[in-house]
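For reference, the structures are reproduced in the following blocks.
In the two complexes that follow, subunit A is the common piece, with subunit B as its partner first and subunit C second.
Right after this comes the complex of A and B.
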């Protein structure tokens, strides 16, 4: 017997609204379909009406977890447009925050994976220790979530000796705990039984479906923007690209935990080799008319910003390709022929950030399968077409 | 006078009032323990150390709006929580902690009450299945089928594990089994394997992690209880609490030598031994992750059932040796 289960837009496994329509045969998934568009915020349009500086803080609010990723990606692009180079110390601090953000994002993901697998103790422990890295971020920037450390041409806050010492101390605690989690996450029998072999994605499929980040690396493809197209100071920092060849959720877990250790190494290197000098240079008000593509390895995968300038104080076009969008196609592939019990795990394994990936509303005609993008005015028209003869008391006018 | 005694027996001690108070206490104990094992605080504010929290939750749920789905089988949907609570409360009366005489069987302690108790503990599983099925919600339906699928896994190992001490004691009466092991405490060690199997099976019967599959919230929302709200949900929650007490008391009777010592000492024994069993159950709950329903069945038949048969063999050999 086949029947459809709606997972979302509201479901305990989802932290943000998305529609997963799943056709099941008993406990086995036969078809899966993603419905987006519950969380569109119009950020790209908004960016066109704000100045270059204001947009940094707008970009920060694309995502709560990888806020630094979006600002760095944007700021790098704008620096290229303005033809300025941030000073070394500024880049070091920028990279430092980026790696701390990676740690906090991966720890958060680990906890969520534990929760989705029904291993709440793991979730509670990991999230307790995530507080350490949140505190470090607070030491550096004064904020726990939106660090607001980037500015065009460098960073906004400097580090002093005491801060460096504090960060190194906290990091050694975190490193010890992570070793414990690596051990626990890969040896606890009931946990491993839930993760191993679940959501398999072969190397060929991963490449063909344009998967990014840990999802791609867990399928055995050593692709990482930090290595392939180094930005900031990644060309001077020694680190390895972590991969796994199992292609399942266990592989994605292992990749993320290994990346934690790489991040600890990177941070230690950065703090020990912190150059002296200024942290920012002055940026001009207007860039030349030009366009640029900026790439950045966010904790979830490759983040791309396309920025077009027409020589004014505001960008003409800003296009964001968040990593989650790159992983959606692969998710559908992974879900097929799995168990219902594995849906939350597989879906969580790409570390989805739904509001990052929302772009525009597409209306699909259920009978013909045609898709079209609609505007607000045509939606209003549509509303009237539904029941044209019905009398209305009054038209709704904004503000109500 | 006899009527008054019967009424007291049914409604106050060890009847409904005691069951209510003790099972909510056990829920608090379980929650608090689980929370402390996870480095959380757990219930804190209602009563000393949050001890009254389960009771507060119960009354809060009682006062909430009670919704019956349009397409549900309304009679069954509404009757099931009360039935379930009645069944587990009846099962509680069979636990040999009060008011029985070893020499003379009575209505609450007779030869074969072990089987009746196991039967009464199987019924709640069917109650959950029917509850899920009659809600006609997709998530409930999946939860209901999962309840039944799991039943095929853990029920046989549980029966085998609980019956093997009975075979050694040569009795089907709970009070006599407990008395037998109190006289020969070293024989309890023979049943150690059976105790472990029974603990795992009871964990599955009570649908606690790693077997909380029928109401896995991240997969199928509330599972069997998705459509339940208000009074009915409160009764179901109370039912699960009572079931926890009954199941742990059953294990304590069969494997840990029962509750000797008359009224007060017997009660003390009862509380300590059930809390020990619940402690182990909470420990399992805190240290494992949820497994899949197919893994439950294969785990039960690949490991639990053969081990239970092994336990049975050991018991038969030991019985031959000591007689």
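Right after this comes the complex of A and C.
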């Protein structure tokens, strides 16, 4: 007999709110369904009422982990609309912060993967080392999370000689530690046994379901926006696109650890070849009426912004597609025919960065398997029915 | 370089279906087709040109009509197919049969712009809450959010 289990929006196994409903047959998941919207903030609508400069700070707050991804994607689109070119040194610093962000995001993910696999000492080791890269980001920008380094036409903060030396020193520590993690993550027998074969996604499915980032590359598809559609200075920096062909959580781990080393190489190249000159140019207040598609390889995959201007100080339309949304369809596929105990691991393996989930309460009758979805307003009704005569201090009114 | 070859191929393969084709920047192609030719164009792009990755679908409220943009990408180029549908009959076909990964983006279009996606495999709302009032589509330009006046308990009436 099939049972339906609601997981989330609030659930101890999930780090952020998302509504999952899985149908299980014994221990095996037969069907999985996703409900977004729990955390929906209406940023696209809000962006239409803010100026081009204000929107940089709004984009920064889409995500706490890849905050630089969204601002870079946005400002490089707006720079094209305004027909200005950021100076070389500005682009180098922008790319440098982007790669540091990738390192901190991948280390964070690696720790979470260790935690979900029940390897908590690995989690603590990795997160200790993540502090090194957070410190570097703080040296550069003054902030650990929202770097606020991008502006239209370049970046806001310059680097000096001492900072460059500090970053290179810290990086050599990180590189040594990452070698240890690569060794551990791919050879430690119980860790590998926990990850191998879990959440399998074939190459055909990954392509059909439009997966992005490490999830796609772990299924053997070498797609990386940095290589395919070079932005900033990626056309002059040497690096490789990392792939794996196993298509499971182990493959996604290996891809991310390999990408760490690529990022270390990129950062070393950037710091050693840092050009001199200004870091930003002056931008006009309003662009001409035009449109642009801006793409960026965030730590989680392809991030795309579609920006349309109408000649005023505010955008006509700003469409944001964060990488996690692109991976949801593939996650549903991965969950099917897996075990319940693998749900957090598979879900963590796409590195979800959730801005959206569920707002409904599901009540499942365990005996019949019948399910009823109750909306918040009918829950309120239910509450009133329970104690109809009690006086209430005030009524909660739905805003619309 | 590559863009020009692709544009030539599009002109050859689609002929009079092309309403407009533009190449405003390197690796960016915008192709406009009528909504009736949308599925044929996408199947041409996918099967003959190998564009399997749909980045996202953007919907824009232009006032008298809606513009829908399908952003495709491969290893060389970002290819956008655009189409326009009238505001009084906002319906367009689902592309999920060709691109199964489009489902979430199409559900988002239905929620946020109130478009009617025909033959969509899963028409349930995705982002908005279940008790969202019908006929309210937040991304339409005429939809305005008014914050309700704050009521302080025990305050002045």
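Simple rule for what comes next: the second predicted complex is superposed on the first by the 355 of 400 C-alpha atoms of A that agree within 3 Å, B and C clash if a C-alpha of one lies under 4 Å from a C-alpha of the other, contacts with A are read in each partner's own complex, and residues count from 1 in each chain.
Here is the rule we use: contacts are C-beta pairs under 8 Å (C-beta built on N, C-alpha and C of every residue); 3 or more make two chains touch, one makes a residue touch a chain.
Small disclaimer: the values here were computed from a predicted structure and weren't measured.
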Inquiry  = So in the superposed three-chain picture, is A:319 touching just subunit B, just subunit C, both, or none of them (first/second/both/neither)?
reply    = second
Task = Look at A:156 in the shared chain and tell me whether it touches subunit B only, subunit C only, both, or neither; answer first, second, both or neither.
result = neither
Query = Taking the superposition as given, does A:116 touch the first partner, subunit B, the second, subunit C, both, or neither?
reply = first
Request  = Mind working out whether A:3 is in touch with subunit B, subunit C, both or neither, as first, second, both or neither?
outcome  = first
Inquiry  = Looking at A:27 after the superposition, I want to know if it touches subunit B, subunit C, both of them or none. Which is it: first, second, both, neither?
reply    = first
Query = Counting residues of subunit A in contact, which comes out ahead: subunit B or subunit C?
reply = C
Message = Tell me the contact category for A:293 with respect to subunit B and subunit C: first, second, both or neither.
response = second
Ask   = Does the superposition put A:302 against subunit B (first), subunit C (second), both, or neither?
value = second
Note = The subunit C residues in contact with subunit A across the complex are 24-25, 27-28, 52-56, 58-61, 69, 71, 73-78, 80, 99-105, 112, 125-133, 136, 138-139, 145, 147-148, 151, 153
Request  = Mind listing the subunit A positions that touch subunit B in their complex?
outcome  = 3, 5-6, 11-13, 26-27, 114-122, 124-125, 128, 188, 190-191, 193-194, 339-344
Task = Show which residues of subunit A lie in contact with subunit C when the two form their complex.
result = 35-37, 40, 42, 44-45, 80, 207-211, 222-223, 227-229, 290, 292-293, 295, 302, 304, 306, 308, 316-317, 319, 321, 325-326, 328-330, 356, 359-360, 373, 375-378, 393-394, 397-400
Note = In the complex, subunit B touches subunit A at residues 37-40, 138-139, 142, 145, 209-210, 212-213, 216-221, 286-295
